[in-house]
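Below, each structure is written out as structure tokens.
Common to both upcoming complexes is subunit A, partnered first by subunit B, then by subunit C.
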Partner chain A sequence: MADTSRDAAYVRQGMIGQRTPPVADRGAIRWLRENLFSSPLNAILTILGALAVWYMLSGLVPWLLRSVWDADSLAECRAIVQQRYGEGVTGACWAMVRARWHQYIFGFYPPALYWRPVLAFALMFFAIAPLLFADNRRARLILLSAVTVLGGGALFGVVYGVAPRLLGAPVESGWLPWALSAALIGLLGLAAFRPRAFLGFVALYPVIAYWLLWGGSVWGPVCVLLGFVLLALVYRLLSPHLGAAAGAGAAVVAAVVWWLALQGYVSGPLQAALPAALESVNSDRFGGFLLSITIGVTAIAGSLPLSILLALGRQSDMLIVKTLSVGFIEFIRGVPLITLLFTASLLLQYFLPPRTNFDIILRVIILVTLFAAAYLAEVIRGGLAALPRGQYEAADSLGLDYWRAQRLIIMPQALKISIPGIVSTFIGLFKDTTLVSLVGLLDPLRGVTSVVRADIAWKGIYWEPYILVGTLFFVICFGMSRYSMALERRLQTDHR
Partner chain B sequence: MTDTALAPASGMNVSDEVAIQITAMNKWYGSFHVLRDIDMTVNRGERIVICGPSGSGKSTLIRCINRLEEHQTGRIVVDGTELTSDLKNIDKVRSEVGMVFQHFNLFPHLTILENLTLAPIWVRKTPKREAEEVAMHYLRKVKIPEQAQKYPGQLSGGQQQRVAIARSLCMKPRIMLFDEPTSALDPEMIKEVLDTMIELAQEGMTMICVTHEMGFAQAVANRVIFMDQGQIVEQNEPRAFFNNPQSDRTKLFLSQILGH
Partner chain C sequence: MAMATEAPKDRFRLSMLVYDTRYRAVTIQVIVLVLVLMGLSWLFNNTVQNLALKDRDFNFGFLWNRAGYDIGQALIPYTNNDPHFRALLVGLVNTLVLAFFACLGATVLGVVAGVLRLSRNWLVARLMTVYVEVFRNIPLLLWILLTYVFLTETRPQPRDFRGEDPAATMWLDGSMVVTNRATNIPGPLFENGLGSVPALGLNVSLNFLAILAVVAASIWANRIVLWRARRIQEDTGRRPTTWWQSLLILFGPVTALLWALGFHLEYPELRGFNFAGGIALDHAFTAMFVALSIYTGAFIAEIVRAGIQAISRGQTEAAYALGLRPGWTTRLIILPQALRVIIPPLISQYLNITKNTSLGIAVGYLDLRGTLGGITLNQTGRELESMLLMMAIYLTISLIISAVINVYNSRIQLKER
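Presenting the complex of A and B:
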């Protein structure tokens, strides 16, 4: 190196080329030094951490490696492990999963009808794809193609494989998987080539899913749909005369009167005139992940719009709206979910007119929805509070009215800010569906597991059911979490 | 800002038609009396600059004109429509009065083009194509048509403010309000925004600007209003206002902002 300090004048004769850093400062060694052994304390912690991980894995991994998949009872499992690996050795007994997985998925749903929940589940992806990937047609079609293939395969599987094995006889309607797979392919085509018409299916999905899961006359769900048509009609007719708010109020009243009082008189005769029904399945046959997903998905879909209204209500200048919103949110957040579930299963019966048969799953769904909505409302309020006042003022100064400003300016931004909180609440809600075992429903964790343990063959099985259910919950919740992170990245427009 | 000081162009004529009429208007924040007995008439084609120390109520005054703030007593009539709590009147006034804010207040989740077309499409019910044509016209006018597909966060402050001006213009307002449009900008970006505003003034737009850009006031304003403690202290045409201020408060203010 030239000494530049002595002479003020200095001219470099040649430029210095790139050199590699010293050995200790590059590649894996550098990474280890920086991340694991940056100081004596960190080195000790690294070693202790590695020991702890080793200790845990040394118990778990051999247990998993000694898994038994082929046995008819826990005793047989143990005998096989002992015979293979010697006295006093334990191993996982996954034979239970092989024998009982259908109950973890479907509960006591009749095996001959397994195709109905499978179809409803596959169609669910068709219904949410336009929402999940609103601006990414490619991702949407990839997802739906996968769902079509897997869903079609599952339909064949349950009709030709699972149901005959469980029932000991072939299922009568063997043509079903063919017809339904064709229908799925048709829907895929609709989604690919007529996205607008496809949105009609999205609107119909809740009714279709309800009919598939619970069965019964098709006219019941159709009449429920007619209620929405009535709602729209009344609003269209009255809002020009009464104003938007009064028109909406009248429309809601008309629809509720239709649903509660009138539709029964219409759907009955229609069914008599044009019988079209699926074999009905009672709510007590539901169980396992079928139950969790039914409650979870419905409550998620219902709680988001409700929570937006609650969050706006809480910010409102109108005293009564504000008081009701605050009161509702604080009441629900102040009461444990289990209390609400007991209310759903027991107390509600006292308040309803005698001999009304208000389905237990429906009751639970309503209360879980209200519960999640209260928490979500606070999450969304946080998002609203994070928006600068200037956004409201800009919307106002452009002449946008309240609802348009909310829909076009405020909510897109507030919801984007709240995505992590919203998805956390959804994940919590989905996991909380296991609490329904407390009101006698057959949740996958405690309900189905206790059914399995009640069988003499699997009495005393302990870890395997929890690991199975835990893994399935993890896969679903982790999926939601990853999706939310991808969504956040996609909506990030401020510093691209 | 002497380089933007142009001689008033011939197009800047003031008509006799009244655009905004404010009579005996008062406003309180809680018990604090922000605006006191404001009387003000703005004719069509006027370019008014309002200045004054911070807290003097100048921003509040122009925010009352499109009802971002509510006044308690007195009358504000904009283009023949009186501002009352009647929502229809408020919407009517707002769609005829454009406003540009200190912090731009663009919608960060929408592209520049979407920012410009949103209000015409949803408030004016303009077809999307037509709205986009109008938007591109105004983007060319503020000299940033190439940014149409970007998001506000990708633009410089000066560009964002010009987009904000274009967004207001897309609603074809008859009056424009500017609330300290250059106060949040770097010095070199101030010029591009002021140039846009000067161009607008030359086309005969009725403008009320809250600003401390005295060069702008001298170049385009036909009237300068000085406010302090919620009241109009002095108003005059710019030359007289700057060269021969009457009240001591105005003299003090001018010596402070022009002194350095």
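Presenting the complex of A and C:
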């Protein structure tokens, strides 16, 4: 029987050599067929898509290729384009960016003092590096080295290049960039070799940044900082005797008393005895991305702790605490941010004691912080709700008290779950900083652009400023969203 | 015999307020309540003092004073002799109209973009990714300003359309035109219309009421037809063809009514220095509508994509195993489950749109924020009253929308255990 099958005519005797697949099923053609023309509908979509891309690029690319960088006004830009490429042709006029970029970055900050925001910005990366790359020393150091190099370069640039050009005279303190670059390098060394001591700098950063940006006597910010030291000290001393809650309450009371009542009597004499001050800069000089980043970063830093408290309050069993949290969150989420900003600019004068008048940027920051905190609280509440009940019970059965359980078991997991929501709230918050233009601050999008467009030289320019600002916002926001995706991957501990 | 000992009854001691978890909650809440009340009364006291210092009172009487300003886009009858309250209503209507159309536009864009982003077509999927990322990461205000500036500064002037050889031409065979002043589109006109009746201070057009009534009746009749078809199908296993009946019932009466009313479109035409006839859409409205639609559309696209991806592949396979065709699978299996995921965040995007309409102030769109919180506030100087009233109105709208979300959520919640 075995032989018959071998001899049968229908059984193949030899193997056929391998052939290449048909043309339609390999290489680029196969890819095209699978990805672009797999069905009639897809073919139509592809053609429509290609037409859309062609339409956009055919408008944009020649316009960009015909850019003019060197001109004094929009009319001159247009004349140069027409002269080079013929009548009726349009081209981008980046000369505006060249002439006005400093306003987009710094607003009306005095050019001689540009080094201060630059330094504060560079130091910001030093302050957040331990948070951004908590477990990756290499990435941290690479980031900080890059910041040191770029920040040092920028310091030299603003002191020797930008400021003299804008002021028409060299800046007096020519030694500054050297000293500050040395300081940055020193800080880099500290971050590399003494990470624990470096954390001290992180704690000091808010005070340093405030002092650099607004200037004035150093003793004011130092005294504010002393309030926090007092708070920590009182808590340390009292909490073993009174318990955590009462200790914290007493500490807060002590700090508030210090800030409201005592601080003023200390900082004045200190300034008289040891004068140390930077030239003070008024809030109305702030503008451009300096303003956006100041408001954005402060509000981000402030809203996270506040939102955790609000989320815990909303999840709490205590009726009054819960009602207050819900009321606050729903109120803030129910009204547009603009109305809150107008509250900051118009209504706070009613709600505060007569004749108090404090800084408009600070008022806006407080309202933006509250706004972001309400949204974040809902995001974090989602994270808390997603946590399995067993985690709470496990924490209880280990004998942890409420705050320890939150700190060690619940919050790390809940925050990890909520990372995408938290970061997208931060992105929304940063984008919303443009709304401060509606209360008269000089944000880059509407404020500075309207200043530029009010200039007779640049009247009628519209694509270029919006492309500039839009690109910068895109880079920052897109960067944040990519970072959050990377963070999510890094913190992933489940086995999916 | 062992005595059954009862747990010793703790007598209440003051220290238990701090150390005993049963009482500590009460202590904390009382402290919090006292602090909050103190804070509130401090704010209230300051306000009273400030009002006294400025020699002001707190009352809403100014709402009945003459407004004295004009509103370009007034969908309810309004003249500058009407009181501020009327201006407020006009603003509120403008807010709601803008929000409604922007929600519609954003939903259409978002659903298309979200579905196409999942397409197997490489080019289209990439294009949609670019759309979503670009629009999500750039502030809404930029899109509003850019659209507005584009419309007001680059579009031709009305006089460019004049003459034998005009510099610009109208679109869609002369039915639509975008000048630097407004967007003109055709408007409905009734030759032998029914007129209108005043009701609730508005002029309600009887034509539209009649059309509305007929459409509602048609839809109701169509449902009866479908219901009967379904009953026959359940009884005999054979479904009668109903599509032509549906078509007739849905479109027949409306067409007849429109014909009877003498319905036709009125096209815009150049008269004097500007276009007249049809509907003139203010550029502020168009810019807000376009910007809100494309910006929120990007967010909705992500919601739709997430919703579709949330349905596990096994659901589709199970449907195929049951013998359902792809179209039926989408309709009966995928969509009902995906909508459960999509709709709550979708409604919260609608809420965002409603709140973002307040950005209209940047381009001078007179919505609630522009009338009550803008011109009325500046004219009367009643900052406190205007702002509080405006916040209350926005809050009411938001709470209504959240209530809708909550009702929907509780209705669609998976019933398990």
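Simple rule for what comes next: the second predicted complex is superposed on the first by the 466 of 496 C-alpha atoms of A that agree within 3 Å, B and C clash if a C-alpha of one lies under 4 Å from a C-alpha of the other, contacts with A are read in each partner's own complex, and residues count from 1 in each chain.
In this section, a residue touches a chain if its C-beta (ideal position, glycine included) is under 8 Å from a C-beta of that chain, and two chains touch if they have at least 3 such contacts.
Computed from a prediction, not measured in an experiment: that's the story for all the values here.
Colleague: After the subunit A overlay, clash or fit between subunit B and subunit C?
Modeller: Overlaying the two structures gives subunit B and subunit C room side by side.
Colleague: Which partner does A:66 reach: the first (subunit B), the second (subunit C), both, or neither?
Modeller: neither
Colleague: Where does A:30 make contact in the superposed view: on subunit B (first), on subunit C (second), on both, or on neither?
Modeller: Once the two structures are laid over each other on A, A:30 reaches no partner at all.
Colleague: Just to be sure I read the superposition right, which of the two partners does A:78 touch: subunit B = first, subunit C = second, or both, or neither?
Modeller: neither
Colleague: Thinking of the overlay built on chain A, is A:388 touched by subunit B (first), by subunit C (second), by both, or by neither?
Modeller: It touches subunit B, and subunit C stays clear.
Colleague: With both complexes overlaid on chain A, does A:285 touch subunit B (first), subunit C (second), both or neither?
Modeller: neither
Colleague: On the combined arrangement from the superposition, state the nearest Cα-Cα distance between subunit B and subunit C in Å.
Modeller: Shortest inter-chain C-alpha distance (subunit B to subunit C): 5 Å.
Colleague: Which residues would you name on subunit A as touching subunit B in one complex and subunit C in the other?
Modeller: Subunit A residues touching both partners: none found.
Colleague: Can you list the residues on subunit C that touch subunit A in the complex?
Modeller: 18-19, 24-25, 28-29, 31-33, 36, 43, 46-47, 49-51, 53, 116, 119-124, 127, 133-134, 136-142, 145-146, 149-150, 153-154, 355-356, 358-359, 361-362, 369, 373, 383-384, 387, 390-391, 394-395, 398-399, 402
Colleague: Which stretch or stretches of subunit B touch subunit A in the complex?
Modeller: Residues of subunit B touching subunit A: 66-68, 87, 91, 94-95, 97-99, 101, 103-109, 118-119, 122-123, 151-154, 167-168, 171.
Colleague: For the complex, give me every residue of subunit A touching subunit C.
Modeller: 34-36, 38, 42, 45-46, 49-50, 52-53, 242-243, 245-246, 249, 317-321, 324, 330-331, 333-339, 342-343, 346-347, 349-354, 427, 431-432, 434-435, 437-438, 445-446, 449, 460, 462, 466, 469-470, 473-474, 477-478, 481
Colleague: Okay, in this complex, where on subunit A does subunit B touch?
Modeller: Residues 388, 390-391, 393-394, 396-401, 404, 408-409, 412-413, 416, 491, 493-496 of subunit A touch subunit B in their complex.
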